[in-house]
Every structure is written in C-alpha cells, then in structure tokens.
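Across the two complexes that follow, chain A remains constant while its partner is chain B and subsequently chain C.
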Partner chain A sequence: MTEQIDKALEREYEAGFVSEIESDTFEPGLNEDVVRRISAVKGEPEWMLEWRLKAFRIWQEMEEPDWAHVGYDKIDYQAISYYSAPKSMADKPKSLDEVDPELIETYNKLGIPLHEQEMLAGVAVDAVFDSVSVVTTFREKLYEAGVIFCPISEAVHKYPELVQKYLGSVVPQKDNYFAALNCAVFTDGSFVYIPKGVRCPMELSTYFRINEQNTGQFERTLIIADEGSHVSYLEGCTAPQRDENQLHAAVVELVAMDDAEIKYSTVQNWYPGDENGKGGIYNFVTKRGVCHTNAKISWTQVETGSSVTWKYPSCVLKGDNSIGEFYSVALTRGAQQADTGTKMIHIGKNTKSTIISKGISAGKSNNSYRGLVRMNPGADGARNFTQCDSLLIGDKCGAHTFPYVESRNPSAIVEHEATTSKVSDDQMFLCQQRGIDPEKAVSMIVNGFCKEVFKELPMEFAVEAGKLLEVSLEGSVG
Partner chain B sequence: MLKINNLQASVEEKQILKGLNLEINPGEVHAIMGPNGAGKSTLGNVLSGRDGYEVNEGSAELDGADLFDLEPEERAHAGLFLAFQYPVEIPGVSNLEFLKAAIEAHAKANDIEPPSSAELLKQAKEACKAVDLPLAFLKRGVNEGFSGGEKKRNEILQMMLLKPKLAILDETDSGLDIDALQVVAKGVNSMRAADRSLIVVTHYQRLLDYIKPDFVHVLADGKIVKSGGPELAHELEAQGYAWLENGEKAGENA
Partner chain C sequence: MSHWFENAIERGEQLTLSAQRTASLELLKNTPWPTRKTEAWKYTPLKAVQGFNATASEVLAAEQIEGLQAIDVVPGSELPTELPAGLTMQWLAADDVDASLFQQVKPNRHLFGLVNDVLAENVLQIRVAAGTEVATPIRIVQQLTAGSETHVRVLVEIEEKASLTVIEQFAGSEQSLNTLFAEYRIADDAKLEHYRLALQTEQAMSLGGSHFQLFDRSQLNSNVVGFGSDVSRIDMDVRHSGQHAFAKLNAIYLLDGKELFDLHSTIEHEMPNGTTEENIRGIAAGSARAVFNGRIHIHRDAQKTLAELNNRNLLLSNKAEINTKPELEIYADDVRCAHGATIAETDKTALYYLQSRGIGKEEAQIMLNFAFINELVDDMPNQAIAEWLRPQLRQRFAKMGE
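== the complex of A and B ==
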C-alpha cells in the first residue's frame, strides 16, 4: 500500500511552463547601486529610496537565520537578479488590450482569466509577473466604493502619506533577515485601503508569477482596513519548473483598525522542485497583522508548493477584545520541507486567538509546525486554542511540532491539542473495497483531514484548494 | 455465482487456508462457522484482495471472472462486497460523500449512468431508516465516533446502496446487542434476492436465528470440514467445535 501511495505522489507540476516574454532584467548581484537602480526604475520619491537604503544597511549587518527545521544550500545573494519586468511593460499599458498577449495567455494557462467579463463573479485581481504588477481588474468599481486596490509601486506615488505611515509599521526593516532584504529590494505587490465603515464589495486577489530565470521575487503587500471596515483578500502563486532554486522573500503587512476585519487567504503553489529536491522555490515569507480594539484578522493558508517554506503569518492583538485566527494546510511531498506556523501575541485584554494547523507529509518530505503563543502581562482574560494535526502518508516522511507558549498573565488561558495520524492501509482498503480507486481514496482522506481549514476559505477558492490537493497527490498511490 | 476451488492462502508465510472448496448459487445464503483462528475472516479478506494475504494455490470465480486477476476495487465493481468485522473511521469524509464516490465509481466501471444527487440522497435516507440510523449520520464522517453497533449498521447501509451480487458479512454480529442484531438482520434480509448471494461468517448460531441460511459450513484448520442445512448450526451450538476437530482427525486416521 505504501508503494501505491508513493506512486500516486509522483505527479507533474502543472504550472511549470515558461512564457516566452522579452524581459528587462538586471544583472545578478546586490549592492547599494542595485537598490538605487530599483528605486530609479520605479521613479520613486527620495523618502522611499532612503527607506530602502536604510533597510539594506541593516540587512548587511544581519545573519541568515538557521533555527528552522529545514536544510538547504547556502543562498548566494550575488547570483540573484533583483529586478525583472516584461519589456512591453516599459510603457505601462493603460488597458488590458495593450497587455502583451503572451502574458494574458500565461494567466489563462494558470486558469486566471484577466478579462473582467470572464472573471469569477465578484473577484478583483491584481496580477504580478516577476517584479511588476501587470494588471489590476475592477479598479473603477472598487474606486466607487472608496476602496483603493492598486500595485504598491503606484501607491507610493499616489498615496504617499498612507504608504509612509504604514509601510514597515507592522514588520519593521530590522524584523528579520529576509524581511530586511525585502525592504531594500521589493519591486511590487498589492496595496489595499478600505475606508471607514466600508465593506469591500468583492473579494480582492493577487496572483504572483515568477517567470524569469535566476530572479528573486520580493513582493510587498500592505492592507489597511480603517475603522469598522471589512475585506477578504486572496493571493495565489506559481512559478515555472527550473533546475535552480529561486528565492521568494515577501512581506505582507495588515493593519486592522478598531472594529475592522481582514480575512487573508493564500493558496501557494510555487514550483516544489523535483523528487530529489533539485530546483524549486525558497519561500521565505514574513506575514504579520496588527489588530486594534475589537478588530479581527484571520489568516488561512493552503501551502502545497515550494521546495523550502519558512513562513509564520502572525497576529499582534494590540487592542482589547481583538481576535486572531490562523488556519493552515501545509502539504509536503517528494523532498519538500516546510517549517510553518504562526505567532499570536496577546497584548490587549480579552483577546482571543485560534490556531488550527493541518500538516500532511508524504514521500520523504519534512513538515514542521512552529507556533508561538505569547500572553503579555496586560492581557487579562486572554484565551488561545491551538489544534495541531499531522497526517503521514507512507513511512519515509516526517512531521514535527514545535509549540512555544509564553504566559505572563495568570488569568490567560492557553490550550494546545496535537494529534498525529497515518493514512492507514485499513482506510485505503475500505475505500477500495467500496470500489474507489486508490488515488481518489487518498485525496478523499486528505481532503477530509483538511475540512476544518477549507471551510474557512472563500467559496471559489475552497474548490480550487481541494482540486490543488488532488493534483498534488495525483499518482501518490499504486 | 461463486466458485472456490482448492483455495490455499497465507498471511506472513503462515498458511491459513489449506484447500478450501465452496460453491454458491444465485440467491443462496451460506453460513460459515468455526472456531477462532480457523480462517473465517481470512476467506473474506482473500476474496476481496486485502494487502498482506497471499494466494498460494487454487482459484475463485465470481460469475466466471477470476477474482485473483482483479484489483480490490475491480472486485468491488464486479459485485463483491465485504462487510467488515472492524469498520475503520475516515474522519472529515462524510458518509454521504463516501457513498457518492463509491456509487459513482461502480457506475463508471460498469458503464451505467450514476444516480443523480437527489436520487442518491433519497436512497441513502431510505437505507438510513432501514438500519435505524438517524439521518444526521449521513453528514458525519465515515464511522467517525460511531459506536460499535452503529458502525455495523453503517456497513449494512453501504451494502444496501451498492447492491452487490455477493456480500460477505464478516462477524457482523460481534459486539451487537440483541436489538441491534435484529435491526442488522432485518436489513440483511431485505437484501435477499434471487440474483444475490450472501456469505454470513459467524462464530455463534445466534445471528442465524434471524438470518436463515440455506447451507451451513464448518471451517476448521483452513478447510471446510462439514456442510449441512440450518440444523447443523444448532448442533454446533449444543456441542461446540471440539468434537468436529476430533472427528476430523479420527477420519484422517481411519
């Protein structure tokens, strides 16, 4: 049976094609000049350049962290190109008709139609290709509601006061090695502002695609939900199949003002590398949100790609009665490694957090949950509930759990539950005896295991996530 | 319907079935009884193709198809159903979802139109009533948190929806109280049909008071050592299995 499962896991990566698009790409290498050139290409104001340079100097003083339960060859930061843009973007298209058809085709292949009339009803999309945002749909309709949804490079020009006020306010430049690097060289990403009391009329989503060889992708997302507002945001990611590892070091900052709510969902399907761990994306990402009084931030992630994942979407529960949630499905197979989890920092009174993590390991992969729950002295009546479940497929993979609990308030309550289970031969046989083939059986069992998390995803994406797992497990049984 | 010829099978190199012969005609109900360790459960597992059971010799044909040539799911598609002695849980996969996947797989393999979702739901609800399970069980995970009796009834529910040609009930009575036993038996009896055969594997005669077999076989030491009508079950109940094993040995010596 284990053999069957292994076979079912040998699937193809469907998003692994390369698009033939002429690009302007910087020579590999990183120094102050490169930072200045990125800023110049973007035509940035002086304050932005200064901010980048400050981050770059901080980064130079820092050391790459090695505490995560992952192993990979040292990254040569001088071998990476820090900027790549499709050539046709030099004169930025004003409408979709002016976008390179090959680019549109790329997104179509990925199942992300950019033509508004073909879009999933009620979802606005920002598409980021290598280092630049290529198109943002439904902007006018959003604008009517007062919602700003645009590439962050554009926000730097159009809304400098918002960007200056909030950029780095949640994840400071010196936060960690990869965040500092991102601050210095970030190229694009999405910017969202929801005004007071506004419920964003549609789901917002960004699709990230790395196409060029030897480039890193350093996107930056900033979402500000003003008092009493509400927004649901989704990001999806893919990359071509290449033999070299590529670095993706993103930063996402969320600000939920009083009574605001942000729901942030990720479906991450970067190229995972081959069965032996050759190639694939290093996904080293810092995501954090701050909740003011009565605010709520909910992170939901479905992580199936990347060769190495290092990612801890976190909530700083600053205001009283604020709520943080983290729902995660992380699937690793082949030689993939994932070290992922969350941090819930309880500062305000009566703050609540919920962590539901589902790790699925197959092949010879390693899947770790790492989570911190901190109850600060002022967090009277704070509560956390953590549930961490691991599912093993086959007998060569590993699941690890590293929970950290720091409670400095005696009235705070922290609960932690953890389970580890296997897709058992008995479960497989029951399915087969009822006529269900082994591949369908594995995907059904895994989907069942993830149900609690999938129900948190926006409807359209829950279906997508289920399918993604099915593809991920294709051939995993024999 | 089913023809088993000189079946020899082993588990982890230990021979369990040692030349078993059995022939079942359409519409017949056969009970297989015997002491613990005789190979009763092995028979069901070997026929349905469970991993770890090796066929060393012999054949088994279901309606002319060689079972040992088929994958477990193909045997199911051919009409073989095994009601498990210890049904396993599949958390998060709802019973209804599971039934749908199973029925659709059967339909696809046999090139017939699967029932619509509405039709399937109707059938599932009827089956629920027949085995006295609340409808809410359709939404619960497969066997997730079910009591022993509920699991057994869930097996019968699956059988009712899959409508097999040949069903093997592996100690379906174990762990059931008398009320649950009657419910299960009623469900099984409602499935008796001229084109459907049943093998009822049990340790006790009790179940056979409710599911009346046409034939009773005694399995001991990997072989059928005695066959007869329903009255044989009563003899076994009265006298135990020891006399049979001794008798068999005596026969061999003679």
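== the complex of A and C ==
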C-alpha cells in the first residue's frame, strides 16, 4: 500500500512548464524607491503612491507572523523581484490579436481559452501574468450590463473614486504583515463593480500565472457588489516548477452592499514543490468580505497547490440578516503544509454563518484548519454551524484543527464539530469486492468526502476540482 | 514587567535551591510576562496578579465535606501520622526535590509552573505501594486567607496495581494568590480517582494544574469543578505514556459576577491504543468570562487511539462571554478523534414547557441549568462529594438568576 502511495505521489505537476517570454523585470530588492518605481511604471496618480508608501512604512514596522502551524525558511524580502511584465505588454496591446502568441499559448496549455469565440459557458476572464493583466475578455458585453470588470491598475485611472473609496476598506494597510506588503507593492489584479440591482450576466474569472523566476506575485482583487446585485467570481492559479520558493501574497476585498450577493470560488493549484519540499509557492493570502444588511458572501475554495498555504477567507457580517459561508477542500501531499480556515465575525442581528471544511492529508504533509467564530454583543439571534472533517491517507501526515469560538451574546448559537478518520479498510474492501479498482475506490471515497463542498462550486470549476483531486490521489491506496 | 513577577524572581534568587529548581529560576528569568498576544493567556488578563502583594500568611483548615471520611492534608501543617498500610506521605525539604520530581509541568506551557518550581515552600510526596488499594481518599485543602501567597507542589506516585483517590480542594474569597501543581504518576494497572474542586471566589486567585502520566492499562477518572475568581486558571494535562490507558476527564464551571475561569486541558497520546473521554460543561452569567482550551495531540506512534472531547456552554447574560477552543493535532492515521463545542442560551422551548406546567420562570431556569451540569455531578464516583456539591451548585444557580 505504501509503495503505491509513493508511486502515486510522484505524479507530475501538469502546469509546471515555463513560458519563453521576454520580460521586463525589476532587480530584486525592496525599498521605498521600488515602491515608487512600481507606482511610476503603472503611471499611478499621487494618492495611490501615497497610499502605497504609507503601507510600506507600516510593513517595515511589523513582524512576520509565526503562529501558523507551518515551518519554512525565512523569506529574504530583498531577494525577490517585485515587478515583472512580459515585454510585449509594454506598448499595451489593443486587442487579443496584438498579444504575444506565446502568452496566449501559455493560457491555452493551461486550458484557459482567451479567445472569446472559444468560450463555452460564457465566462469572462481576466488573465494576470506575473505582475500585469494580459487580457480581459467580454468586456464590452459586461459593460452593456453596467458591470465593470477590468485590471485594477486600469481601475485606478478610470474609476478613481470607487477605488479610493473601497481599496483598503475591508483589509486595511495595517491588517497584517503580508497584507501590508501587498498594499505597498501590489502590481495588478481584478476590479469588479456590479451596479445596483444588476445580476452579472456571466461568471467572472481571473487566472493568475507566475512565470518569471525569483519574482513574487502580489495581486489585489477588489469586488464591489452594489445594492441588490449578484456576482459569481472564479479564481484559478498556477506556476512553473522551480527549485526556489516563490512568494505569492495576495489581498482580496469583497464589499457586498445591502441585499447583494457575492460568490467567490477558488481553485488554487500553485506549484506545490517536490516530494521533499523543495521549491513551490508560499501562498500567504488575505481574503475578506464585508456583508451589509441582508447581503451574502460565500467563499468556496479547493486548495491543492502551494508548498505553504496561509489563508483565511473571512466574512465580517456587519449588516443585520447577513450571511457568510465558507466551503473548503484542502488537499496536501508530499511535503506540503496548509494552514487555512476562515473567520466569521458576527456583528449584526440574525446573522448566519456556515463553515464546512474538509482537509485531506497524504504523504508527509500537514493540513490545519484554523478558524474563528465571534459573536459580538450586538449579534442577537445569530447562528453559526461549523463542521471540520479531516481524512488521513498514510501514517506520515498530520491533520490538525484549531477553532476559536468566542461568544458574547446569549441569544447567539454556535456549534462546532470536528472529526478525523482515514479511508477505512471496510470501505475499500466493499468497493474492491464490487470490482472497483483501489485507485478508483479511493477517488470515489474522497470525492464523497468532499461532496458537500464540490456541490457549491460552479459547474466548470467542480469538474476541474474533481479532476485535480483525482490526479493528486492516483493510486493512494492499494 | 509586572511588580509581582519581578518580586517573585527576586525572592527566588534569595532562596537556596536544588540544581533543578535553580534551572527553573534561570528559565523563569528568561520568560516574558504573558500579554494578550501570548496564546496560553489570550483571554486571561493577569493584571490582578501583577498588582498582588502578599501581606500575611495564615494556615487554616477548610470546611469538611460532610459524609466524607478523608485523610486531610493542610499545606504548612503537620501530616497525619496514622495512615493505611502501603500509603506513605512526607513533606520534602527544598533540596530533596530533584531528579524524579518536577517532571511533568512543562515550562514552556505554564509560566506559573516555573514560579511554583522556584517558590514552592510545601512539597508533598505521596506514595502508594504496589498492589495497595487505598480506600480512604486523601484531601489536600487550600483555604486561601486574606493577604496570603502560597505555592504548593504535590507529587503522587501510584505503583503497579495500586489505587488511590485524591481531592484537591480550594476555598476562600479574600484577596490572595495561590499556585498548586499536582503531578501524578499512575503505573501499570494502577487507578486514580481525582477531584479538583476550585471553589475559591472573588479576590482569591489561584493558578495551577493537575498533571497525570499514565502507563500500561492504567485508569484515570478526573473531575473538575470551578467557580471562578479574579484569576482562576487550571491546566489539566494527561500524558498517555503506556498502552491501553484510559483517561476520563469531566469538568464543570459555573461563573457569575466578574468572575474569570480558565481551563486548559492537554492530552498527549504518545502510545497506541489509548482512550480519552472529555466532557466539559460551563455556564457563564453576570459579566463573567469563561475560557476553555482543550488540546488533544495524537503522536505518530499512537495508532488506534480513541479520543473525544465535548464542550458545551450556556451563556446567560449579554455581558458575559465564553471563549472556547477545542484543538486536535493528529499525526497517526488509524485513530478515531472528534471534538465538539457549542455555545447557546437556555433552550427557550424547554423553559416555556416548564412554565406552562406552573413552574415559575426563575425556578425553571435553575432546574434547566442544574440539569445541564447534573449529568457530570451524577457521574462522580464518590457520591459524598456529589451530595456535598449539589446544594452549593444550586445556590450558585439561584444567584445567577438574579
């Protein structure tokens, strides 16, 4: 059985190729001048630069957090390059035809079609390559509906009043170490604005790709759903296979105004490093949303990549009757380490939150759920239900649960439960007895284990997520 | 740095200490005073400890537990001379305390364990010879008197196939500070029945813990009752160092007024086939704060472990708060582990049901609160203690209703 696990875990990382694209890349290093240069390259207005510099000064005063259940070599922030853009992007191609074919080829290889006519289900894509947004599809069609979907660097110029109002309103500069760093050096990301009462006509998607060596990716996403609007947003990511660790410190801010709904789905498949933990992406991400009255934010994540994950998509349930949801599948194998979970801060009355977290550990990996549910004194009638299940495959991995539950309101009800189990011999025997080979059986059992989360994913993503798990677990049990 | 803490280190420096206790002093000097950012003290401010100044020391025997025949031990006074066969007890001199002792309270987990290492003026050693079943419980009583500061260490060794019952009892409400750490070594096939009755209230501060090391097929049945005071903190640590050991841990906390009660439990499953059952129930009223942190750690070799933790809480006032964190850390795959935590108020429909049967609201509330924890009182193997506790708990509930 162990042999088969080992064999299966040797599987290749399919997105691990490198694209030969000439890039303009900053020298490694970080200081105020670098922040100024990033701002200058983007041609940003003065207020944006000031905002970045303020964040940079805050970051310098902060200490890197060490409370997560992960271990990694100290990051040398001076050895990272903070900006890298494909050369062909320098003169801003007007349409897809002007974009470097190598770039388009890269996305095709990853199965992300950028040609609008090839789109199947009508998903609008913003493709971010290293530090810049390459192309955003279906923009006109979205514009007709009043939806703004563009790179955030463009939004800074075109919609400064919106950006100024909401940037940092959910995740302020001083929020945490990695968020502060992101505020100072973020290069691109997506900006979404859904006007009042509009139901976004198609799914929006951003696909992040790190290509250049020794670079960090610091993207920033800001989604504003105005009163009564609705949007479903997907995020995917990959990176080449390299021996060095690369840093990815993103910030995602969601604002759901009264009666609005945001559904945010992620399939995270950054390069996880090799079996011994060499290389891979450090994925240190801050994601948070604010729900106003009757609003709803739903986070769904499938985490299969990165060598170290530090990520807690959270909801601040500010308005009465608002709803927060968190559905997560985190799979770790090899030497991967994941410390992920959510925070649900109940402020308004009758706020509700649901947390379903499924952790699967294989190989020598460690998988932790870390969460916070807080009922503030004003959260009358609030309700939370949390379920964290862990599945262990093999005897060298670890599964951990660290839930913080704090209640200051008697009428609020909090429930938390966690279980740990393994793929049992009985289950395997039953499947094999019925002629299902062991690999398929594991895949079935794991898929069943994750079903509650997969059913929350948009269709295309559910398929991709299912496939990812299948490949990852190939032959895990014999 | 705090006044009391500096003072404690200074006092330690003036003592003639054994090598081991000197090492603890060195560690203590390098340990920062906990802040809100110190994970183990996140919800438990130690301001009251910082401001404490010992003014008097008086030893008092505490109230008897009615119907309970026990061997009473009062720290600072003479030990009873007539003991059952196979049971030995003695106060250890400060320089006797080395080698096998002070093994279980891990310095990185508990700052006050280190304080106790250095300052413990009373070190009680209890030994039960192999095969001896001691029927009479031993009761270690700490009556916390005004202005007193006491540090007590209890070291219990239960040899193979022996059994013992120990009650650690605390009482008092006057301004005082106490640390009591008990270490139990439960050898193969031995049994321990244990009670920690932390009934000190108001300004009587107590920080300490009961630490158990279990060997092959040994059994632990531990019961904690806590009322909360300015600072009440208990660490219950269980180490499964043998196979097929069984640990049962029940705890109740009932808080009111401005009381604070902080219970940390750590279960280390180091060996295969161990079982742990934890049941923790708490009620917080007034503007009290309850803290529970229950960690279960399954080591790589601890296959076939069965560990369950259940923490249920009632929050009765919108000024009170309950913070709970059940933790699982698992490194073995063939185990069954689960934990659950809930926080809610008294079930409104149950309250309505009782009222509809002509029971007054207050009385109904008391009945329901009592029912919530009575299961664990009923579960106490020693009925004399359960009987003695019930009226005191009832009295607490009556006060909570106000």
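Convention: the second predicted complex is superposed on the first by the 472 of 478 C-alpha atoms of A that agree within 3 Å, B and C clash if a C-alpha of one lies under 4 Å from a C-alpha of the other, contacts with A are read in each partner's own complex, and residues count from 1 in each chain.
Assume contacts are C-beta pairs under 8 Å (C-beta built on N, C-alpha and C of every residue); 3 or more make two chains touch, one makes a residue touch a chain.
The model shown is predicted, which means the values in this text are computed figures rather than measured ones.
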item: Chain B versus chain C as contact partner of A:Thr293, first or second or both or neither; value: neither
item: Broader residue contact with chain A after superposition on the shared chain, chain B or chain C; value: C
item: First (chain B), second (chain C), both or neither touched by A:Gly448; value: first
item: Partner chain in contact with A:Thr354 - chain B first, chain C second, else both or neither; value: neither
item: Touching partner for A:Asn321 - first (chain B), second (chain C), both, neither; value: neither
item: A:Gln164 touches, of chain B and chain C: first, second, both or neither?; value: neither
item: Residues of chain B defined as touching chain A within the complex; value: 48-52, 71-73, 75-77, 81-82, 84, 87-93, 97-98, 101-102, 105-106, 109, 141-142, 158, 162
item: Complex interface listing, chain A residues touching chain C; value: 67, 69, 375, 377, 390, 392-422
item: Residues of chain A that touch chain B when the two form their complex; value: 1, 424-427, 429-438, 440, 444-445, 447-452
item: Touching residues (chain side chain C, partner chain A) in the complex; value: 39, 300, 303, 313, 315-345
